[in-house]
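Two complexes, one shared chain (chain A), two partners (chain B, chain C).
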Partner chain A sequence: MPSTSLALTPGLGSFLQCLKTNPIDTSIETLISLLKRRQIRHSRSCATATACLLRGVITSCRTNDSAKLIERVQNVGRRLMAAQPREMVVGNIVRRVLGLIRDEAEDDREAEFSLSEVGSESQPQTPRAYDDPSLPLDRDSPSLRDDRTPRPPLTSMFSLLSQPEPENSLPSTPGSQSPGGRLFSHGSTKDVRSEVIEGIKEIIDELGQVDDQIAAYALDHIHSNEIILTHTSSTTVQKFLLKAAAKRKFTVIHAESFPNNHDAVHATVSGAAKNEDENLGVEAFQKPLIEHGITVILIPDSAVFAMMSRVNKVILGTHSVLANGGLVAAAGTRIIARAAKVHQTPVVVVSGVYKLSPVYPFDFDSLIEYGDPSKVLAYEDGDLVDQIDVQNPIYDYVPAELVDLYITNLGGHAPSYLYRIVSDHYRKEDISF
Partner chain B sequence: MWFENENDTDSDVVPVMAPKQKGGQKPKANTADEVEETFQAVVLADTFETRFEPFTRDKPRCLLPLANTPLIEYTLEFLANAGVEEVFLYGGAHSDQLEKYLNASKWRALSSPFKQLSFLKSTSTSVGDVMRDLDGKHLITGDFIVVSGDVISNLPIEGALAQHRKRRESDKNAIMTMVLREAGLNHRTKSSSVSPVFVIDPTKDRCLHYEEIDHHNNDEQPARLNIDSELILSNLELDIRQDLIDCSIDICTPDVLSLWSDSFDYQSPRKHYLHGVLKDYELNGKTLHTYIIKDHYAARVRNLKAYDAVSKDILARWTYPLCPDTNLLPGHSYDLRKGSLYQEKGVTLARSCVIGRRTVIGKGTSIGDRTEIKNTVLGRNCKVGRNVKLEGAYIWDNVVIGDGVDVRGAIIADGVVLGNNCTVAAGALLSYGVKIADGISIESGKRITRTRIDGTVGKNDPAVVGEGGEGYEFIHGEEEDDDDDDDVSVASSGLVYRMPGLSLSSVSISTLSSDVSDNSWGQSEGSLLSDDEESDNFHHDASISLYDSLREGVAADVVQLELVTLRMTANASDNQVRRAIVEAFMKHIEQLMEGGKGAGPAVNEVFNAYKEVIERTLFDRTKDQKNDQVDLLLLLQQDLVNRNKGDTVLLFTAKSLYELELVEEEAYDQWWNDERSSNTEEMRTVRTQAQQFVDWLADAEEESSEEEDSEEESDEE
Partner chain C sequence: MATTTSGTTAADAEPFDIVATYNELLRSDPDLTMPIAAIEALVLLLTQSVSSTISETMDLLEKSTAHLKKSIPNPIGLSAGTDLFQRYLITTLQRPGLLGPAGDFKAIRTHLLTNGRLFIRRAKESRHKIADFGRGFIRDGSTILTNGGSRVVAALLQKAADEEGGPSAVRFRVIYVLSSTAQDCDHPNEEPEGMETVRALREKGVPVSTIPESAVAYSLGKADMVIVGAEGVVENGGIVSRMGTYQIGILAKAIGKPFYVVAESHKFVRLYPLGQYDLPIKQRVIEFKSAEDIAEESKQDSPATSSSGDDQIELPLCHSVDFTPPHLISALITDSGVLTPSAVSEELIKIWF
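And now, the complex of A and B:
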């Protein structure tokens, strides 16, 4: 049965299946080699795979001791990140899971303290801890923590104002929850593990919904008769535009992003694209923009600058967003952003919060992955192949000053405020683990 | 795109997943089918060739490092990517090392993508034996892939597989699909010495004819293809293609194995099997097909030249994602820096050293001041001194390089020590553990080793490695490439010499190839014979054709006929004919001996069967002066100088010739006393064993007292 054998080719699907049947250590190794072989690529697949794996890891841990859980997750996380350092979402998801465990652990302790009051276990408090009140989280000395805020005081304005679904935001913005509410819900003997698993489930749900949540802001940003320029066949961008297309008429100029993504772009524009979310079972087949009566103009990448003077807004997808507001996106993005800067055209980046990485890019070059040069130069051309070096970068680094606005599932943010979202989502002690 | 079929999406923003993942939605339904037909692969870890000598004396070929990762890893990665579930690995030489390596590797771990990885040992001496062995074991249940253990490819196999299965559904006789990579006429990764020619019917992707053109066979004669006229008449369209890289990835059905078993004399998968099966289409009715790819990478490290080319391809990322920074092996930590520099953590670089483009540096390696490195692969824990220049070199692990050394385009194996101010020229190969003393320069094309063929450490040769050095020069003639199955021929040994592959950097091809080839022929032909080029051609043709016939067991009269024809065409002298015969016979005998036969039986077998071939070259039976017979013996002696156990073979041959009454007693006497047979040290050595036979002859004739006079007698007569 030929179709069966095709389904055998390893990928996200086969990994999720493997996760169900195999022991967890095998699954970890499997994911590592899948990441290395690039059989799982693209931010969302990586994020989903990581989250599912970590859920398995937590489930298989027969302990409720948060310290042990943290150690285990850190261990697995390190290996996953080493396997593919350029897929930064892997690290993001690991950090968020670590944050979840820490939160649960602290809540747990608070509960204990509230029942038994502080007593026997008071330790001499080190001066260091006093000096730096925002950095208390030494998990071995709980007494340090109970007399001050249990986590960095991070109830940011943004998360207060622009929470689209307060119910659902629980895992995505752990920093904004009130500890009191938690305390109330579970008693002293609560199960850290099941809480964390619950949290990871919510992260997975978030990954499924993130595009729609972002698309919900579309009407605020796309107005009638605007000319929008975009790049690559990013689903997030497509959904964003589709949402607006339901109500408004505008024009889209699509740069084809040769050589790494042009086929997909052509397919997206013409509506021949396969539905990539199929195996996640979330989305229905999508009609292309043209069927909504939107004019889509496909241009070569080289024509971007010439077209820019007519463009009202540039909407870009991204691979990952860095803590300083810069982004790592498909090659060609930086030229577009620069062209937009010259013409003072606003650049809007749409990205799920899960792509937001707490890593500060000290060495931009190390973030960029180089792909297969055969897309640029045919390998058949033996004489040339022998004499020249061909480089095919897959990503570009776009500095923060070229971006005007980020739209995440939490709302719109200026690049300079991203650090705030970072600190809402990731615990300081996890940033470099 | 690594795993995606139709979409060329690469950017990360697009979470595109290939349609094959449809299966993920209903895993339950699919599992039953998967169990039914597991996808199997056969890896030929040893291709029974000696092209990587002298390195393969210490290590199996597929464990040789390519960009610091053993070759076999790339092949297994390829299979893992293809979704193969069961792998059968056939080891050849050093199979214990290979097995040990695999047992410790991730492929045997629980997380291995393969459900089963079986290591099969066999006493095979050719690919054909392996295939027949496999057929006997009944392990193969369905369609399977055959790859050799040196394939590097990032090709997703689905396309080829789907096509293969589709074809198979409609036609049960379509038994094999070969994956071929299109490349231009000149390409570094293509084999330059022997180029395969495929005649393909493009409408059905069917391979109709296959031939290998050996460029080193005849330089003046244009290469020739023999295509059956019927092929041309019966097919509307024919592609004759020489621009394909044969990466020896074959998708086979179990029928392929039974065909191997039917023809017990097929040895190599292309030259014999493919050629033979296509030729016998009328008989077996099986068709073989091709799948020509235009994108993705696929190549084989078939020889040292390919080693160089594929290394370059890997560093230039053509094999993406199988690049050093993917860190295929656990424990590797390569990182891609600017200018295709792959560097592991824990490398010590002096402040003033210059690391150029396309370089790989492994962990624990330290590089001294003012050293310049470019286009070089450096393994782990190497120590490179000051003022060193490395260019286009392949340096494996734990190598110590002294100050002021200059290495260009050479391969330096594990544990080599190079003293200060050495020079290693392009194409030199330094095998495991060789030590070179200070100030020695190694000429291009030299191969230095410590290990003898039987695995023991050989005698050091201070002339080559300097005082205090370790190792001796490896001479290819020492044990010829008889087991070189892909193109067993005299020409192929010439190929290795002339092969630009020896000169690893492209710059030196022209100079090196010419003078090395001169050397080689000088060595093998000896100084006695100086032939013009035409006779050289005859010699090549005749000895190759003879040799092939011997191996295939063609009847003596047919061989004789062929030889006469060749001789007439080239107007060759008797001496040349004898020379060709001697070379072919001895080569064949040597091969038989390597196959496990004793020298005596091997010699008897060959000479008994082909007695008349030799008989027809000797015309002095009636004369007293046995010039022809002496000439034959001299040629024999001279040929055996360069062969393994030449002295023993000479003894048995002499005996055999005597018993068959091909050579008479007088001729032995004349030969023994001929000054040409004892004028060099080698000639004397090789005939030492024959001494006893000659003595016995003399005794038998009861001429013991006139041993010395016999020469005078014959002279007088």
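And now, the complex of A and C:
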């Protein structure tokens, strides 16, 4: 959205304003319509908006019952994801918040367990079930103890041989409730809600710092006199290059990424960058690369292959990263990655962990979004518009084998290692909620 | 422990034969996988034994496992089961809690002995879990190339074709590669394996084409993806599977079609083969013969069975396997999710270290 950065334009700024003044349900509706109309578009803006909205949702939920919190967040999350299924970061943030709630609930349960353990040792005759009115009293004590034991994380391979699930041994328990759900539903000692809000605040902080954290790795990857090729006006890439530019001299070849991002690229290169990313404050005043004495060469996208033989490294930003190591990035990225492969040039993708999605790309075509065709062929060319079909895909799917290295705020990873980061950040039960 | 004592008396009469038990288990239930049969055999062994200490039990397990592995021509699949069982015992015993060192050894014994059926049921359920994960891979209008007689692949394809499996049945087509060598050597006139799945799929209205192995390269152009099963998934993420899988993998890579493997996570085995000829099995696939050798062989009539007792038993040609290296595999669809080949080693590390 190049020409619409007025204060009144609907976007992240207006949404955050709305969140402050309006009731939460209105804000949910606002974000849904913003997403639907693509008035909020950058990955980070979407992520920030989602995180802020969920913070509001949790705040307005007057309960400490984690099961209910999870249900509420799932509900809101489903609606947001349905509004814009291709904006993967929305789902990622929702999943992380769900994971936060689950973690808190489990911590709670463990604390409770150790308390009741102490109690039962002092009075060994008292069945522990009396401590908890919600548990049926007619259970035999060993199964009760199994149920309560904080099990060390059972690996999936052992789960085959592990103890039977408590439900199997206890037909008296209502079937729909899992033992976990029952346990974190009763009066907890800790304020789950405030802990979760604290956690969301950390996510929001992370979103703000992620570019700087990634840029910290720049000097390991960019060396003196190298020729770097990049594409689109990604702030993450710009910061990465700027960080290296402070210490080293190198050359940047910038593909202009016509027609969706070329204005922004021109602005970035010339240093006339407008406040493109709505939530940027200080960054907007940053000096462009040229002022650091870096040679910047602007090329049309069609010249990428011709230039590739001279390039030492390709550094790309991305829209989202998928669980198999593939990525969805601005149109034109795949050509660049493919050209780099042909020339055996290393391809480095810089991306915040928040863009890493646990979604497996079953159907690549469905991930590609199509944009405004008038950017390719303006409506002024009326005659042509009637006669030909104009398409403007915004994204490309780049398969994992074309990428050599991912740099996230956690460090550098091989594409085959991304599954591990996915499993660290999202809980299995939230992957498809 | 009434069952144990009665078991002991039975054991006195006739020593427990783990190999026979294993084979019997596999024969009696065609749905049983090799690792699970091995686990079951070990559970039955424990039922029969009188061991009451940990080290005695471990020793017994180790000896029986070694014996079992030596007596079965292809121990790759079953060693996944025996390893898992052994590691489970050791980790449970080290872990604090009821079943841990402070607890009663009998408790874990009883748990294992009483839940044998449960393990089998879970193993079968994991097949359905995989089918649920894998359903997303099969899209409307896609064509899937598959081979062999894998039960997981069959479950996955049938689930996708089922109306009840999801919102609606997927309309897809299947190219089924029928192996010429994999015909049952005991019944040479029987239909090749996989025909049962082919029939079941056709029954459900899925158009199936059967092709010989030699037509794989020709047919791959019409396929959107390859889905195969596996006998064992090795540490580097490669798979040990029915002979012919490797070449399908190579062809799929060359033509640029995704190659997916469906396997239960109990098939992960701690093995690191460096190539085709590095598998711990003996199979006579390549055999060089001159006219003289053939003449000599026909004179002897029966093939020389002068193998010494220490040697691995030879795998009959109809059950021969090959190794598909990880770089040919796009993803592994397991009951713990869709994994990249490199994730396999991590799952294994989790149980071993």
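Heads up, the rule we're going with is that the second predicted complex is superposed on the first by the 346 of 433 C-alpha atoms of A that agree within 3 Å, B and C clash if a C-alpha of one lies under 4 Å from a C-alpha of the other, contacts with A are read in each partner's own complex, and residues count from 1 in each chain.
Going forward, contacts are C-beta pairs under 8 Å (C-beta built on N, C-alpha and C of every residue); 3 or more make two chains touch, one makes a residue touch a chain.
This is a predicted model, so every value here is computed, not measured.
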Per the contact definition in the header, classify A:F362: touching chain B only (first), chain C only (second), both, or neither. second
I'd like to know which partner A:Y419 touches here: chain B for first, chain C for second, both or neither. second
Partner contacting more residues of chain A (chain B vs chain C): B
Contacts for A:G13 in the overlay, against chain B (first) and chain C (second): which applies, first, second, both or neither? first
State whether A:N324 touches chain B only (first), chain C only (second), both chains, or neither. second
What is the contact status of A:I203 with respect to chain B (first) and chain C (second): first, second, both, or neither? neither
Examine A:V348 and indicate which partner it touches, taking first as chain B and second as chain C; both and neither are also allowed. neither
Looking at A:K428, would you say it contacts chain B, chain C, both, or neither? Reply first, second, both or neither. second
A:V90 contacts which: chain B (first), chain C (second), both, neither? neither
Within their complex, state which residues of chain A touch chain B. 1-14, 16-17, 20, 22-23, 25-30, 33, 36-39, 41-45, 82-83, 87, 232-237, 257, 259-264, 267, 273-274, 276-279, 281, 317-320, 329-331, 365-366, 370-375, 378-383, 385-386, 389-392, 394-395
Can you tell me which positions in chain B touch chain A when the two form their complex? 1-3, 6-25, 27, 30, 33-34, 36-37, 39, 77, 80-83, 85, 106, 109-111, 113, 154, 156, 158, 161-162, 165-166, 181-190, 243, 294-297, 312, 316-318, 320-321, 326-328, 333, 335-338, 340, 357-358, 506
Chain C residues within the chain A interface of the complex: 39, 84-85, 87-88, 91, 95, 97-99, 111-112, 115, 118-119, 122-123, 126, 136-137, 139, 265-266, 268, 330-331, 335-343, 346-348, 350-351
Which residues of chain A touch chain C in their complex? 142, 145-146, 149, 152, 155-164, 168, 323-325, 360, 362-363, 416-417, 419-420, 428, 431
